[in-house]
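Attaching a single structure in structure tokens format; questions to follow.
Going by the order they are written in, the chains are A, B, C and D; count residues from 1 in each one.
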Amino acid sequence: MNFLARHRIILPVVSLAVLLAATFYMQPRTMSYFGLNLLFNLAVPIALATVAQMMIIMVNDIDLSLGAFVSLAACVTATFVNDTPVLGLLILLALVLSYAALGALIHALELPAIVVTLGMSFVWGGLALFILPSPGGQSPEWLRALMTVKPPFAPMAVVAAVIISVVTHLLIVRSGIGTVLRGVGGNARSVARAGWSVIWLKALAYGLAGLFGVLAGMALVGLATSADANIALRYTLLSIAGVILGGGEFTGGKVSPTGAVIGALTLTLAASFLSFMRLSPDWQIGAQGAILILVLTARLIFSRKGAAT
Amino acid sequence: NSHMAETSDKRIALSNNYAGNSWRQAMLQTFKETGEEAVSDGMVAAADAYTTSENQATEQAAQIQNMILQGYDAIVLNAASPTALNGAVKEACDAGVTVVSFDGIVTEPCAWRIAVDFAAMGKEQVDYLATRLPEGGNLLEIRGLAGVFVDDEISKGIHEGVAENDQFEIVGSVHGDWAQDVAQKAVAGILPSLPQVVGVVTQGGDGYGTAQAFKAAGRDTPLIVLGNRQDELQWWADQRDASDYETLSLSIAPGVASLAFWVAQQILAGEDVPKDLTVPFLKITQDSLDDALASTPEGSVANVSYALDDAKQVIADAK
Amino acid sequence: MTPLNLLAKPWIWSWLAASAAFGLTLGLTSGRGAGELAYAALSFGAFAAIVGLGQMLVITLGPGNVDLSIPATMTLAATLALKAMSSNPGTAFLGLGIALGVGVAAGLANYALIFLLRLPPIIATLAASLVYQSFAIWSNRGLRIKPPAGLADFATGRFLGLPNVAWVGLALAIVVWVVLERTVWGRMLLATGQNLRVARLAGVPVELVRATTYVLVAVFASLAGYLLASFSGGAALNMGAEYLLMSIAVVVIGGTSIAGGNSNVPGVWGAALFMFLVVSMLNSYGAGAGVRNVLTGTIIIAIVIAASTRRVRA
Amino acid sequence: MSDHENALIVTLDQAAKHFGRLRALDGVSLSVAAGDCIGLVGHNGAGKSTLVNLINGGLAPSSGTIVFSGGDTAHVAGVRSVFQELSLCPNLTVAENLKISHSALKGPGWRRSARAEIRASLDEIFPDHGISADAQVDMLSIAQRQMVEIAIGFAPRGTQARLVILDEPTSSLDEGIAGQLLAHIRRFCASGGAVVFISHMLGEIFKVASRIIVLKDGRIVDERASGAFTRQGLVDVMGHVAPESAQVAGARSDPGSEILRTAQGLAARKGEIVGLSGLAGHGQAEALAHLYLSRSSAWRPRKSPEVVFVAGDRPRDGVLPLWSILCNISISVLQQTARRGLVNRQAETAIAAEWKSRIGVRTDDVRNPILSLSGGNQQKVLFARALASQAPLVIMDDPMRGVDVGTKQDVYAMIRAEAANGRTFLWYSTETEEVCQCDRVFVFRNHEISAELTGVDISEEKILEASFAMQEAS
């Protein structure tokens, strides 16, 4: 057993550090309280969405509806939560519960999650269009204040990333229930044999995903000040890429919450890095693909080297 | 020019959210040409274009934040959302960056807006149909991308127009996403269940596909209001030559990016510019069709490029 | 085969749903326009079916295998093909050759990322698709070049009352069906999809199977792109966008198991027709975008539930 | 039975389990009391695993009753199971796996208690196990995983285990470790625990069981104190007529030319049966996998393969779960019989039918799904797959896991016959008895060959000596 295989988190950390160093070099202005905040504040909702996706991947499923769901949560936040907070929060709670119910349904009927969530992406998107047929709404004041707060020492984005990763690490890696949830991804049958109700566990995992999805939507509205029905659609693929960049695997319950947060930061940073490189607009899109490939390849080379030693 | 010296060290960036259609490509091209010329003339130090990979506000917000970090003096912005970028735009303003939005404008008060009255564009289509088809009839509405501001505005204008001209009724409405193939598919799907349609109101980029769908279904071609794409104009010219087909084509010119560029330059030069400017949309009629077609590259969009003087004129008009 | 047996076939549900959508749409006009609607469904369903067949082969390779670069491959192939033909008569086959060449290259590139860099296919094809998109932009700057007239006539024409593109889609479906049911390669694909390690240890050349599958899906996508651009009068940079979710949806609604090792050709066509007809139906009933999306999603889930619970009981 | 009436743990009354038409278990009455150590034997597919699943609540009986005296469910009554197929969560650590089965372990610091508990249990059953409580399970060898699973079965987990059911627990263990387990079982029963022990290795059954129950075709056909059985008697009751010794005697004809020699030193001649031995997890499986992978291609399809593989770990390496028995067999001969890339369905059916009867797969139709077969019968299908091809070299990675005595004899004979026809076998086995039948044996230690034995040198003592030579030398 090699060191890197044991500590899967090292490679994501190293990729992020290298990319950050390169960014500092390209654009020294980023190396400041203000710069770091601008660089990373939009990574906060992505990190939350990535954690949400991780909860689903943890139980061997995949969620193709997450982007639409975060958009819906954002629309609810920018409208109901702002106008009638109690009703708004109740709706958000209902969204979380419906995610949990979805998990239970997928397990009980043995449905392929990828298909159900594909269908749900239409449903969430349609509901978001009901609420906001055209962009609008407004972020609740407290939320805007929270997302633009200026804590001492480190900018909000960094503090938030640390808090998210510590909380989810405690929840998923350290706690007993988190261990059982990961066990569902590793071998659901043996978890069931040990007397756990897998249907409840799946509902819990999906419910947690729903919770983090809602938080992502709220954080997004706090930053963007308003919402629209398409605001977070790209979070679906981004969150999947983030989980993988963070050292997670699609099957077997091998996920790392800290890695997921780091993966989300890496993806955000990669886009900024490219923009600092001032490529021709033709190639800006392609370069994002290239950098994704590069970061993952670096991971491969390191893990090969690690295995060789 | 008295302002020249003052902006020669200024850097302007274009923040664009989408590059996937000919309109956006023409816009990028115009901006590039205008920018390169301005740089070589020493008017500004840099004019760089940036495009996000997906048409998403979140990605564009990050792009604007990066531009702040890169120290641009002004950002010319075609926004993915009128409101969702307000946070980032506010940050830019707070950092002393001038933000000029156009086409897809933002509502943040600190930014400038070069707006097209999209609702009027929708209404004008119905008004035109009313002159051509006085006894009215059934209309088919082709919409853009659901949930996007421009789609909603144009559609509002159209419905307003129909309310005023009650000889018309909208019997079907589909989303064509401003793309010929999507429009073609959507129209083909709804046509079988529709009664006879006399006119089609569109949003641009979808007229040709609509015409194709009518043809494939073996129906008479109704009066389709077009959207300035070269293939639409070409089709129109062919129809005109074959059967005296007559219609109207209107859309915002991609060259508005160059107008926004010059407005930004003027603001940087210290000119007092009102926050809200308007540009007329580019209208092509039966008479101007041949000229428009001749000046539009194949596969592109009818365009006009704006010079510094045009910008000064627009500013003066708004004062 | 008894009707009950038929219900146990996972593909039947997509056909039932398609028929229901067809019937409901025509209910509005009391039957008028049936031919028109069927013709439109076959035309547009063909593109979804062609990309769906490719996606089905990849999904059959087992969990985690999926090609997200289908839209970009379609666009790139169509763009380059139309540029090469530049509306000149008699260049249809040149264009076809270029499109298929793009498909082979994209497929090989995707597989190289998966095999050499060991990237999960979802990530590899996603990243590669961004690069293809850039190529398409760079090569043609979004200009819409018309297909040669002969090619456009073929793509929009009909033969024996059915659209030509539907004939192409049907022919491909039959070929894929025969390959899966009767050929050694098909068996090897199904074995690989059930368990790659087992297949390798049973002597299956698994990497060859995977490579050919990834090339096939890209070739199917590029063919669909070529036909679609010819059909709709030119390539557009965003022309493939809706085929990302569509290709996955038609595969799974069609009854192919997402767990791999099992595929379902007739279902792909049924689902392709359904995906077109359900939108037509909702548009015809005047549903707004919100209602349309919610109902489409609900119906997809309902079909999947119906198909899978039947299978369990049977 | 009345003497320990008070200490009854579970009682089955006419319990039956039907899968469709198949009567996997056909009315079984049985009771287990504290202190019992029951050996459960039967041919492959006799219903042993099904019986276990009924007792532990994994399956509901089709008819009949199951009553626990210590609570409503198996769980509450202190009934634990160690399953035939490994059932740990590979992504979790050893201690975390204990937590899965021990839901009372909660609150901060649960990890420390879990570590201590599993460590204590491992230490007690397998002294010198060398397994860290923080090791992730997928980093462990299959033998170590089996040990962890057994240790979890016996761990206190809040209550105390009253009955532990072990379904072929020794199938991946070498003899030394299996011995430790047997010793622990005896201690456990002596201290008032009960054990149901399933194994195809009758020697083990005789070593631990106080009572032996024989299952045949879903029914109990015999039940006696273990002293009342002889080995041969037991085999007879199980329904197989097998020779007393596993040895298949027969003078070997001249060895053929050498057809294999690896860098590691593994060598084989044409027509030879070469055994790989040593303690489990010392590189035998790796050497075989490596050899197979290097002699077959992941890129080039081949009409007739040079080498075929018989897997021991069926779900991981052998079974194609969605397919019928027929397709599972024919996959190795497809390319050989194909015409212009098309599957030759006649040839395929003929080959499957031939091998079904030759190797005795218990099914009425080869078109049934392979998962309808019991573990041992699935294993026969894998043999059929390999032997049906014409590959000159057959690699077997501990292929007799879970195969019953009678079938083993049939397979031994078949291997002998094939070898006489010029095929070469490389055979890794955790059972020394099997290895002793080979023409030549390589003993592995620490991923290297520590001894090559031929002829009369092949004996249990010599193999053990080579397996442990390091320790003795030091």
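By our rule, contacts are C-beta pairs under 8 Å (C-beta built on N, C-alpha and C of every residue); 3 or more make two chains touch, one makes a residue touch a chain.
The structure displayed is predicted, hence computed values, not measured ones.
Shared contact partners of chain B and chain D are A, C. Counting C-beta pairs in contact, the pair that comes out ahead of the other among C-D and A-B is A-B. Set against the C-alpha centre of chain A, every other chain centre is closer than that of D. Separation between the centroids of chain A and chain D, computed from CA atoms only, is 43 Å. With centres taken as mean Cα positions, chain B sits 34 Å from chain A. For the pair chain B and chain C, the distance between C-alpha centroids works out to 33 Å. Listed for chain C are residues 130, 133, 137, 141, 288-290, each touching two or more other chains.
Shown for chain A are the residues in touch with two or more other chains, namely 128-129, 133, 284-285, 288. In this structure, the chains touch in the following pairs: A-B, A-C, A-D, B-C, C-D.
Chain C meets chain B in the complex at residues 25-26, 28-29, 32-34, 36-37, 39-41, 43-44, 130, 133, 137, 141-146, 156, 228, 231-234, 236-239, 241-242, 276-277, 279-280, 283-284, 286, 288-290.
Listed in rising order, the residues of chain D touching chain A in the complex are 56, 58, 73, 75, 81, 83, 87-92, 96-97, 99-101, 103, 105-107, 110-111, 135-136, 138-139. Interface residues of chain D, counted against chain C in their complex, comprise 292-293, 296-302, 305, 308-309, 311, 316-323, 327, 331-332, 334-335, 338, 341-343, 385, 389. Note for the complex: chain A touches chain C at residues 64, 109-112, 114-116, 118-130, 133, 237, 240-241, 244, 250-251, 282-290, 292-293, 296-297, 300. Residues 1, 5-6, 174, 176, 179-180, 182-183, 185-187, 189-191, 193-196, 252-254 of chain A are the ones touching chain D in the complex.
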